[in-house]
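The two complexes that follow have subunit A in common; it is paired with subunit B in the first and with subunit C in the second.
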Partner chain A sequence: MKATDTIRFENVSKFYGEVLGVNRITLTLSPGITTLVGPNGSGKTTLMNLMTGLVQPSRGTVSVLGLPPSNATEFFCNLGYCAQFDSFPRGVTGFQFVLDSLMLFGMSEEDALHLTVEALERVQLDGEAAHRRIAGYSKGMRQKIRLAQAIAHHPRVLVLDEPLNGLDPMARAESLALFQELGRQGMHVVISSHILDEVDRVSDRVVLITGGYLIAQGNIHEVRQEVRDKPMQVLIRCDSPELLASKMFSVNHCVEARLHADGRGVFLRTGDIDQFYRLLNEIAVEGLVKIDAVAPADDDANAIYQYLIGSDGSPS
Partner chain B sequence: MPLTNLIGALRQQPWSLWWIQFRRFTRMEIRRNLFTRRAWWVYFLAFIPAVIIFIHLLVDTHPGFGLSDDTQVLAGVVQLYYIRLGVFFGCLGIFSRLIRGEMIERSLHYYLLSPVRREVILLSKFFAGAVSAVVVFGTAVIADFALMYAGYGAAGTDYMLNGPGLGQIESYLLIVVLACLGYGSIFLLLSLVFRNPMPGALLLLGWEAINPVMPSLLQKFSVASYLRHLMPVSVPAEGIFALLTVETEPISAWVAVLGLLVLIALVLTYSCYRIRTLEIRYTTE
Partner chain C sequence: MSVFLHDYRPYNGRLTSLWRRPLVLARYGMAEAWSSKITVGLFVLALLPIVVELVIVYLANNPIARALILRGNPVLTINESFFLSVLEIQCWLALVLTSWIAPRLVSFDLSDNALCILLSHPISRFGYLLGKFLALIAALSFITWIPCLALFVYQSYVSAQPWALDHLQLAVGIFVGAALWIALLSLVGLAVSAWVKWRIIATGAIFAVVFVPAGVGGIANAILRTKWGLLLNVPVVMTEIWQRLLGAPAFMNPRLELPNGAMAAALVVATLMCVAVLNARIRAREVVRG
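Up next, the complex of A and B:
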């Protein structure tokens, strides 16, 4: 893929005095939704700030769609950043905040007004609220207005630091649907979030980072495949889960079986997923067990996070 | 042909876009500087002499005072109050808020993430700060002037419009403009370099006070020393005034103006360099 279509980190390190931000990150992100996963202080925000030029790398280079952050005029026409800082210029209304941002692009006032209304509609912030001062907004509304400001100019790259914080379940679902739509349109959407269960569903790839180091990156299923030392867990929905479990245990790579709470399925943990599926096919062909559905049970960002980083935040 | 290349490169820059961004950014900043609640104390600093003069106008009927006495008083107000305190602290408030204040409020990143060159952001902020300060303090000085001579009736009007009054007010306004630009540029730089610009500002206040006893070379690095040469009416250095009044070697008005403008240009150039390398790390603010 061409440099003008990707976000590139080339051997990037960032030190804050003696403190390590990120170290020797080499990463290429193609269009779609990318989730940055890592514990607090792992370097996710530093990575995003480097990507958007808010901090400069101590070593290495960062480019977004082939542009360096120093080329502000072109760079920020292509990039929107919804930072995690929950603060705004004093005294402005939501509408004025988005409009002022757009006016700095040099467009006509008419176009800026049109884009402001469009952005507010996209984040579903109603007109009455938009004309109130941001100081009186709820946390969810502040999150929405920041998102509106970041997407208002139709950037090709959208960077979102903890965009689901403070949103209620309905607003989270709407935001995720918006991110998915933007990803489908060919945009780069880079998200960091602690709400992995939800973000995971919309992500095309994950970047796992801890202690400033890149641990793994790629399609979530590929990353899971790379974690070979951790047995994979699969949920099989069938009419005879006990029989299936006993059959599967006849091979030595099956290390754990647990019945589903409703009694119509079984979680099986295996050290060799290829052989596991082969055996499952044979059982299905035999007809002894009627298999309704098969789905990976730990093939998500949360499980990978736990396997690779661990609950204490240190690489396991 | 490096010069030809440089000119060619400069011509290719998007000057018209930068000009639009500069105007719009300046407009936003002026709105924020002048029409928010935080601006009230700048108005207070600027108009407190006018309020005092107005009360004098109502209560006192100039017993034993003449036009020349009040002209001296007005010169003292401009030189000892506005330049030393009013404009100084007013500019400290306005200009240190432009960058450091927004870092403390955690809102500066919105502008650094806009498609505006950082130099344009800095110069817009400086210009907006200067316009705001000049509007407030210039209006205050005009009000002081008008109120001071209003009590003299026709003689006061004649002094202001046909006598030396008009030339004096022009000089005072020039001094206010230069003071706002000079102190503004320094406070903007201080707020870029230091997390807390206040110690630096107090150091500058001390420097401006002791500058008269410095060698002539060092006196060139003082805003007040340039302004002293532009005063249309000299304030006699007596008693406490002798400690506060700047006594520099006499230089011509245009040298004073040019010297101060060069000083401002140098400070702004370095500020532009600083803002290019400015990083947003609010956790350290």
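Up next, the complex of A and C:
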């Protein structure tokens, strides 16, 4: 993929005095939804600040769509940033906040008005609320207005630091649907979130980071398969789970079996997923067990987080 | 893996020039400053002396009034000294207004973490400060050089003899003298606002920055038996600058007069100190030191 289509970190380190932000990060992000996963203080926000040009790397280079942060006008016009802080200039209305933001991007008042209305519609913030002061907004409305500000100028890269915090389930679902839509349109959407279960469903890839170091990156399923020292867990829905479990235990790569609470399925853990699926095919062909569904049970960002970063660095 | 349609269309309309963008922030600053009724009160108060001086100019130029009321009182002669006192009054009132407006301009953005949002736009830290600086300059202009020049224009209009051309230095002096002062005040105000979070303390700090060095300079003068401590005395330095710019008679003992170069250097050093403070404080993120 061309440099003009990707976000690139080349051997990037960032130190705040003696404190390590991130160290020797080499990363290429292609269009789609990327989730940054890591415990508090792992360097996610530093990575986002580097991506958005808010901090300069101590070493290495960062380029977004082939643009260095020093090319401020073009760089920032291609980038939308939604900070994690619940912060706004005081006294402004939601509408004014988005409008002024667009004028800071250099748009004429006419274009800015048009784009403001479009962005507010996109985040589903109604006109009456938009003309009220942000100070009187609920947390969910504040998130929406921040998101509107980030997408209003039609950036090609959207960096969202904890965008789901404070949103109710309905608003979270709407936001995720919007991220998915933007990702499908070929936009870069980089999300840092602790609500792993939900971002997991929409992410094309994850970037795991802890202690300032990059631990893993790539498609969630691929990353999970790379974690070979942790047996993979698979849920199999079938008519006789006990029989299936006993058959599976005849091979030595199957290390754990646990019946599903409803008695119509079994969780199996295996150290060799390829062998496991081959054996499962054979059992299905034999016809002794009627298999309804097979699904990985720990093939998600949450499990990868637990396996690679561990419970000590539990998300908060 | 998603199937990317690649139909996202970035904005490709025309962009305004870079210099217009800080004006958005200037508008924020103005809105913040004028949202307080105290600001309006101080502004009105700062214009009251101009009304009195307007009456004085009228009386001084009206032969009947001169004869009946003033009886040729020489105190009311409209000359360089009159405009020097007008400028001094307005400039010290500008200090009062700055101490009320400036403390919230930057400190609010810092305490609200709004800087990272503002600086993720194509606007630099310099552009951000320029916006805030312009907000202060605009507010202070309305109580310093603008009313002073309006008074100059009125005096030119009511004077029986051709007056304006003979006193052009006054107009230039008023503008340059006031511009120097409000620029310095704005920088001091922004630097204090960037450093001090609480308004009351910041207001006191602005007065302290102007008056405390004068005391230090006085002590230095007494101990070292020199005049150079006067360079720390902002009221003296500024009054000397205004007096020379307006061509008014000297008010200091000639032995204690300061050279122009030394006063200019003092102003440059003060400016650089403010810029250093702002450079240290205006960042897109907080540095957390473990």
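Here is the rule we go by: the second predicted complex is superposed on the first by the 313 of 316 C-alpha atoms of A that agree within 3 Å, B and C clash if a C-alpha of one lies under 4 Å from a C-alpha of the other, contacts with A are read in each partner's own complex, and residues count from 1 in each chain.
The criterion applied here is as follows: a residue touches a chain if its C-beta (ideal position, glycine included) is under 8 Å from a C-beta of that chain, and two chains touch if they have at least 3 such contacts.
Here the structure is a predicted model, which is why all the values come from computation and not from measurement.
*Asks:* Based on the superposed arrangement around subunit A, label subunit B with subunit C as either clash or fit.
*Replies:* clash
*Asks:* Between subunit B and subunit C, whom does A:A72 touch in the aligned arrangement: first, second, both, or neither?
*Replies:* Both partners.
*Asks:* Please work out whether A:V19 is in contact with subunit B alone, subunit C alone, both, or neither, and reply first, second, both or neither.
*Replies:* second
*Asks:* Of the partners subunit B and subunit C, which touch A:D204 in the superposed model: first, second, both, neither?
*Replies:* In the superposition, A:D204 contacts subunit C only.
*Asks:* In the overlay, work out which of subunit B or subunit C sits against more residues of subunit A.
*Replies:* C
*Asks:* Once the structures are superposed on A, label A:P31 by its partner contacts, choosing first (subunit B), second (subunit C), both or neither.
*Replies:* So A:P31 only meets subunit C here.
*Asks:* With the two complexes superposed on chain A, say which partner A:N11 touches: subunit B (first), subunit C (second), both, or neither.
*Replies:* After superposition on chain A, A:N11 lies in contact with neither partner.
*Asks:* Looking at A:Q56, would you say it contacts subunit B, subunit C, both, or neither? Reply first, second, both or neither.
*Replies:* Touch partner of A:Q56: subunit B, not subunit C.
*Asks:* Once the structures are superposed on A, label A:F88 by its partner contacts, choosing first (subunit B), second (subunit C), both or neither.
*Replies:* After superposing on A, A:F88 lies in contact with both subunit B and subunit C.
*Asks:* Under the contact rule defined above, give the subunit A residues that sit at the interface with subunit B and also at the interface with subunit C.
*Replies:* Looking at subunit A, the two contact sets intersect at 16, 49, 52-55, 72-73, 75-77, 79, 81, 83, 85, 87-91, 100-101, 103-106, 149.
*Asks:* Spell out the part of subunit A that touches subunit B in their complex, as residue ranges.
*Replies:* Residues in contact with subunit B: 16, 49, 52-56, 70, 72-77, 79, 81, 83, 85, 87-91, 100-101, 103-106, 149.
*Asks:* Flag every residue of subunit A that touches subunit C in the complex, lowest number first.
*Replies:* It comes out as residues 16-19, 31-33, 49, 52-55, 72-73, 75-79, 81, 83, 85, 87-92, 100-101, 103-108, 111, 115, 146, 149, 153-156, 180, 182-187, 204, 219.
*Asks:* For a test of understanding, state which residues of subunit C touch subunit A in their complex under the given definition.
*Replies:* The touching residues are 1-11, 13-18, 20-21, 24-25, 27-28, 31-32, 35, 108-109, 112-114, 116-124, 284-285, 287-290.
*Asks:* Write out the stretch or stretches of subunit B touching subunit A in their complex.
*Replies:* For this pair, the touching residues of subunit B are 14, 17, 20-21, 24-25, 28, 32, 36-38, 102, 105-107, 109-118, 276-277, 279-282.
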